[in-house]
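Heads up: the structure comes next, in structure tokens.
First chain written, first letter: the chains are A, B, C, D, E and F, and each begins at residue 1.
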Amino acid sequence: MTPPASTRDVGTLLEALPYIREFHGKTVVIKYGGAAMTDPALREEFARDVVLMKYVGINPIVVHGGGPDITAYMERLDLPVEFVAGLRVSDRDTVEIAKMVLVGKVNKDIVLRINRHGQPAVGLCGDDGLLFRAARKSAPGGEDIGYVGQIERVDTDVLTHVAQDYIPVVASVGADRDGNSYNINADEAAGAVARALGAYKVMFLTDVRGWLRDPSDPESVITEVTADEVEAALPTIAGGMRPKLSACIDAIHGGVSSAVIVDGRVPHSLLLELFTDAGIGTMVKPAP
Amino acid sequence: MTPPASTRDVGTLLEALPYIREFHGKTVVIKYGGAAMTDPALREEFARDVVLMKYVGINPIVVHGGGPDITAYMERLDLPVEFVAGLRVSDRDTVEIAKMVLVGKVNKDIVLRINRHGQPAVGLCGDDGLLFRAARKSAPGGEDIGYVGQIERVDTDVLTHVAQDYIPVVASVGADRDGNSYNINADEAAGAVARALGAYKVMFLTDVRGWLRDPSDPESVITEVTADEVEAALPTIAGGMRPKLSACIDAIHGGVSSAVIVDGRVPHSLLLELFTDAGIGTMVKPAP
Amino acid sequence: MTPPASTRDVGTLLEALPYIREFHGKTVVIKYGGAAMTDPALREEFARDVVLMKYVGINPIVVHGGGPDITAYMERLDLPVEFVAGLRVSDRDTVEIAKMVLVGKVNKDIVLRINRHGQPAVGLCGDDGLLFRAARKSAPGGEDIGYVGQIERVDTDVLTHVAQDYIPVVASVGADRDGNSYNINADEAAGAVARALGAYKVMFLTDVRGWLRDPSDPESVITEVTADEVEAALPTIAGGMRPKLSACIDAIHGGVSSAVIVDGRVPHSLLLELFTDAGIGTMVKPAP
Amino acid sequence: MTPPASTRDVGTLLEALPYIREFHGKTVVIKYGGAAMTDPALREEFARDVVLMKYVGINPIVVHGGGPDITAYMERLDLPVEFVAGLRVSDRDTVEIAKMVLVGKVNKDIVLRINRHGQPAVGLCGDDGLLFRAARKSAPGGEDIGYVGQIERVDTDVLTHVAQDYIPVVASVGADRDGNSYNINADEAAGAVARALGAYKVMFLTDVRGWLRDPSDPESVITEVTADEVEAALPTIAGGMRPKLSACIDAIHGGVSSAVIVDGRVPHSLLLELFTDAGIGTMVKPAP
Amino acid sequence: MTPPASTRDVGTLLEALPYIREFHGKTVVIKYGGAAMTDPALREEFARDVVLMKYVGINPIVVHGGGPDITAYMERLDLPVEFVAGLRVSDRDTVEIAKMVLVGKVNKDIVLRINRHGQPAVGLCGDDGLLFRAARKSAPGGEDIGYVGQIERVDTDVLTHVAQDYIPVVASVGADRDGNSYNINADEAAGAVARALGAYKVMFLTDVRGWLRDPSDPESVITEVTADEVEAALPTIAGGMRPKLSACIDAIHGGVSSAVIVDGRVPHSLLLELFTDAGIGTMVKPAP
Amino acid sequence: MTPPASTRDVGTLLEALPYIREFHGKTVVIKYGGAAMTDPALREEFARDVVLMKYVGINPIVVHGGGPDITAYMERLDLPVEFVAGLRVSDRDTVEIAKMVLVGKVNKDIVLRINRHGQPAVGLCGDDGLLFRAARKSAPGGEDIGYVGQIERVDTDVLTHVAQDYIPVVASVGADRDGNSYNINADEAAGAVARALGAYKVMFLTDVRGWLRDPSDPESVITEVTADEVEAALPTIAGGMRPKLSACIDAIHGGVSSAVIVDGRVPHSLLLELFTDAGIGTMVKPAP
């Protein structure tokens, strides 16, 4: 008797069982961005991956930025686009546009895609339920870069309330006590959310293969490293990897069990990371 | 012995008691717009009024549009602004901009103001938790006006869930089953929400004194009228009053106890309407 | 356009907002007595004030005595009325009559008035649900004054259970382990209840303007004082102010945030104290 | 081997098992009065019986009057005691005294006794939580007998709330919408409470052996009868048995499964009736 | 860039998503038996399949018999093994042995295997929590076959209570009101449980490929059929397929949405049936 | 007037009241065995006693072994029955048979009897819900006695979950992490369960009158003793009393308030011990 063709396929479901067991009931924060957010095929896969996570009993929280969309709108409006040390110089008008794009466009696109794949999502930003309280951040060199914020406080009530029945999707903007809005780095926001929630894991989707020992050699991925080792190396790191590694350190020091930098260009990178032994990218762990 | 100066003032708190009793535990949907949303002083008062409603045990739900802000951004982007029979002709780009403005700017401004007055708010749009399912609407004359939608279905789960701990603020946009977004008239959205929730009351804030018997005479306000009487008169009504009265009829026929058109230019018009006998504007009631 | 006459009045509702915010969800114990209990107009106002407190989310607990009514019945029955150091000399018959008057007349009058103003109340005494366990108290000079009791233990279960849905009204009588009933000073009972519940505030309604620096000068009210300062002065204080101040000290030392002696002859003194800056009477606070 | 002396005694516990099974989780209303309330030994036994009922999972509700105590106080106050057709003629002063005696003395005596036997009780009257709404009743002959009331409405919320954790003890007085208090016949009150609660059983403690076929022959007890048979005989019945039988009919017609008139002079008559086959007194049942 | 080898495998997880969505929160009853229970490899797979079902939010209930193990013990004890019309002739001794084998051996083996794969199971039989009330069944020809029972009543309380936190595993034995135990056909038990629970699906694991149009042709599997069609054909069906089809009819008529006869010899037949389009075996559906 | 014959009997119910009060809401673990399990009359009485305990608000947990039944089946199967130091030498086949007898016969007989007396029971063994994790135990002399286990861990979740609505009946078998089953001494199991649950009392039913000062004198029962005194005497004690006393010590040291060895041959020994002063058997208490 020949088994039906799909028996082998169903078997792969069971290979995920030990991982499903591990993550069942756990909170996993996902910093969403890069190709996984811009490539039409990858972003559908991302939504399906998140929905599957919810179905198998994981509590996924999506945190996102949206720099390219902001820049595109700035250019349509003939406004200058300027960065200092990787931070967008933000006058009031820039922040208003950034917030509209992140909250009113990028966030709802993610919400709609997750909805369509079968689990209802709810979009939030730092203003909703006082989720983030922000404060002005200075640029490394001390320049005035305007309304660029850091997170002073995360009030997790609204997240845990919404996450009971929905997948929360969080846009990384927030306001200070006086109601002024700020651009917030989405890696930093994801790290802060993971820390405040006592999440089990935080994952940063990027467009590189991980943290490279030799930035010029894409094969030199560091697959596992302690937070202390990252902290020691941080002064030598520049570019987009720096806020990611910094957020990893923060999360681990705040009690998160693991922080992973994942290559979002790989289809199903979330599921590969969660449900297989195939370590993709760089995992930051507490000191042993 | 002379009583302190404020005794008389405190007494006015108690004049509100019979009304507080009536509305305690009840859901009141508020269509927010007009001067109450644009005038800086009035919008602070609006936020305080809504916060007070929550504190005295009412369940307020705010629904809003934001036409002037949308038009302003359309103009900044050198895009044509066109209306047919009061409906904004909306190609994909227009809807995207409208949604960004409503959800990412207007909605969060309201949320932040309510937060600052002491009750946390959460902003939602029709996409969140599948709140609205929209469908394309035709213009009265049959012209193609693009992505202008009507509400086919309201899923109140997300609203009742959020309203347990927060004041929900709803931007009137929504998507169809395929994920296409639509502009939705905010009066219609408020009426649909009130009906779906079985609200006790729905209030429409406007910039006129109510429904006028003689449109040229601002003193000719009709203070009370049945839904059937409004329905009979509807074919003769044009302009912005039409969708409001139409939403009143829908709400009343769907079981809402009263629908009121309120002059939002009057400070504290919400509280005056709820907590005093001073009928302001036009109240639509079921047939006796 | 002239705003309706009542706009100003509604504005006063909003002046109470910061105070409503402060007291929302908090337990406030009110020792009820004096003119506020005997004057027909004041006692209606008292009931309305308490009902309003409940509606705006405060948890009010009323504790009362009723000396004048007891004396009146004693006299109708031709029984001797005798006091030692302000304590009613109480043989078994006196206690039985006092208990009947307090529990069966005064308490139910309060309950009915609160009911009529729109929130259901439930009357309790120290016997119900073992609320108070009393023990015999000696007069300061050591005379036998009979069944005058002090509170050894407060079992708050019945109060918190009843307060979920009702306004509890507590008559200050109680029994010992053997079932003997005792007169209990109502100020002491209110202080003990506030302490046992970890109340936010306890208020004592009196017929004076507060604690006077110079008892002969009604203008010499001490508006704010620490519990330690009161304790130091206590040996020099006599009359009805003594048990009130003593109960204030007990409450503050037991964790209550503030204890206030309020002039109950002023209409709405409860609301004035809670909802305005007009400090009326004397507030006892913890040492700073 | 000789079993210990108490083996036989413990065996009798088990004889109650089938009855405990039947009544477990059921509400039983007990009209308390007569010798069981005045005889010192019997009233201790009553309290123990009720406490045992609670321990074995029954939900007992005690309803009581207290005519003899009221009369005694009326006489101490030199007030006239007058009855018309078994109803106490009640001016305002009489009602005030009756209420004080019932609520402040009789009720709390019962509460304290039940407390002492190991289950906390809470005393209530018709005013508490709006339990009874009363209306003036006319005497059969139409005479004005003053504030004698009948029950128009029972609001069971407060009873079911209190009965979760306590044994409710209800004094049969109540007020009308305007706050006027009334004497209410306790048999009638017990029947109304049983009916409103959908009780399983209502028991009336009396000082006779039951309903007698021949009033002059104490051996002529009718042990079981249908409500219809009682109704047919009612016009021929006078005296204290009439309101009891009338309350039985009301209860049965309102859905109570059985109504029993029990000889309260017999020690443990409650337990005998509930837990043995020894039918004591008269049981009224629905028509078969 | 080459994706890791396992990307394709993870993709198959997502192919199950539409099915996981369909079955999430649903109760699925599984009649376990045949090769899937005797083959060492298949029974491990079965346990993993059931555990995975639980992890993805399905509520699986396992019902089992164990004929071969019973026969083996009968033979070890030199007892006669006799069947009439497929029913085991069962004197008291036979039933006692059958019950010991099913409840004390087969059931606990299943429980232990499910435990080891990561979800705790609890074994039950018809006696536990009065799950089944059985009655004696006659053989088709009227012979006395002893203690062979049919299920008169299923009390689902214990199942729903246990299923909140555990996977229930039910051995198909039960007792009558007098405490006599009976052998019960496990197919019948599974159908009765599915019906009583209002299950979404009931699956019968067998050692054939389904219901064959031509019993001699294993390729002639009927893949889908209505309950009415099965009912019409039932008189012509003999052997082990008959009780299965009969149980399918009962389940469908009792409101279960689908009943499936599945080839348990195929590895992961449960998951294949639930999570793929590869219809294996015969599905009985309600009439369209 | 002569009271009915049963008045005296009902009175004995009330003699139990102080004890019912003491044990209400408490967990009592009962090791069931000996004559109380084999004598037909005694085992009916046992079931009634346990049901009565449940009805009066006690939480009874029954733990049992079943040596004689196991031996009987071993002999029917011509298998050798061998003991070393009171422990049954157990190869795999012996354990399988023991488990079948305990779980599939003895346990369900107890469950059915308790069911019939009016409270539903649920039978469990150490496998269900991972209740016991066992490990191999060595005989005192170091001989290999096979699959005789000791309890390493009790997971009380399944017991407390089941005990909410049912009387749990636990057979003393369990498995290790690899799924190997073990015979476990039932006295040890009862002690471990009592300790893990923080039970109020554990009772061991035996066929002797208690712990005898002089084993040859049945009148020399030690009625009360501290755990420390027992521990000191333990090395001198042999036979079946040893595991019982050892389990008593364990329970007391683990926080159980009292451990009692009860003569199960006395009818209603459970109730006599719980509900009368007639101390029967030996009570082990913590050091004073």
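Criterion: a residue touches a chain if its C-beta (ideal position, glycine included) is under 8 Å from a C-beta of that chain, and two chains touch if they have at least 3 such contacts.
Quick caveat: nothing in here was measured; it's all calculated off a predicted structure.
Here the repeat of E-F among D-F, C-D or B-C is C-D, since over half of its contact pairs match by residue number.
Chain E has its Cα centroid 45 Å from the Cα centroid of chain A. Rounded to a whole number, the gap between the C-alpha centres of chain A and chain B is 35 angstrom. Centroid to centroid, with C-alpha atoms defining each point, chain B and chain E lie 56 Å apart. Counting partner chains per residue, chain E shows two or more touched chains at no residue at all. Arrangement of the chains shown, judged by which pairs touch: one closed cycle in which each chain has exactly two touching partners.
Traversing the ring of touching chains from chain A and stepping first to chain B, the chains occur in the order A, B, C, D, F, E.
Considering their complex, residues 76-77, 96, 99-105, 107-108, 111-113, 115-116, 120-125, 127-130, 157-158, 161-162, 164-166, 175, 179, 181 of chain D touch chain C. Those residues of chain C that touch chain B in the shared complex are 1, 3-7, 9-18, 20-21, 24, 45, 48-49, 51-52, 55-57, 117-118, 209, 265-268, 271-272, 275-276, 278, 280.
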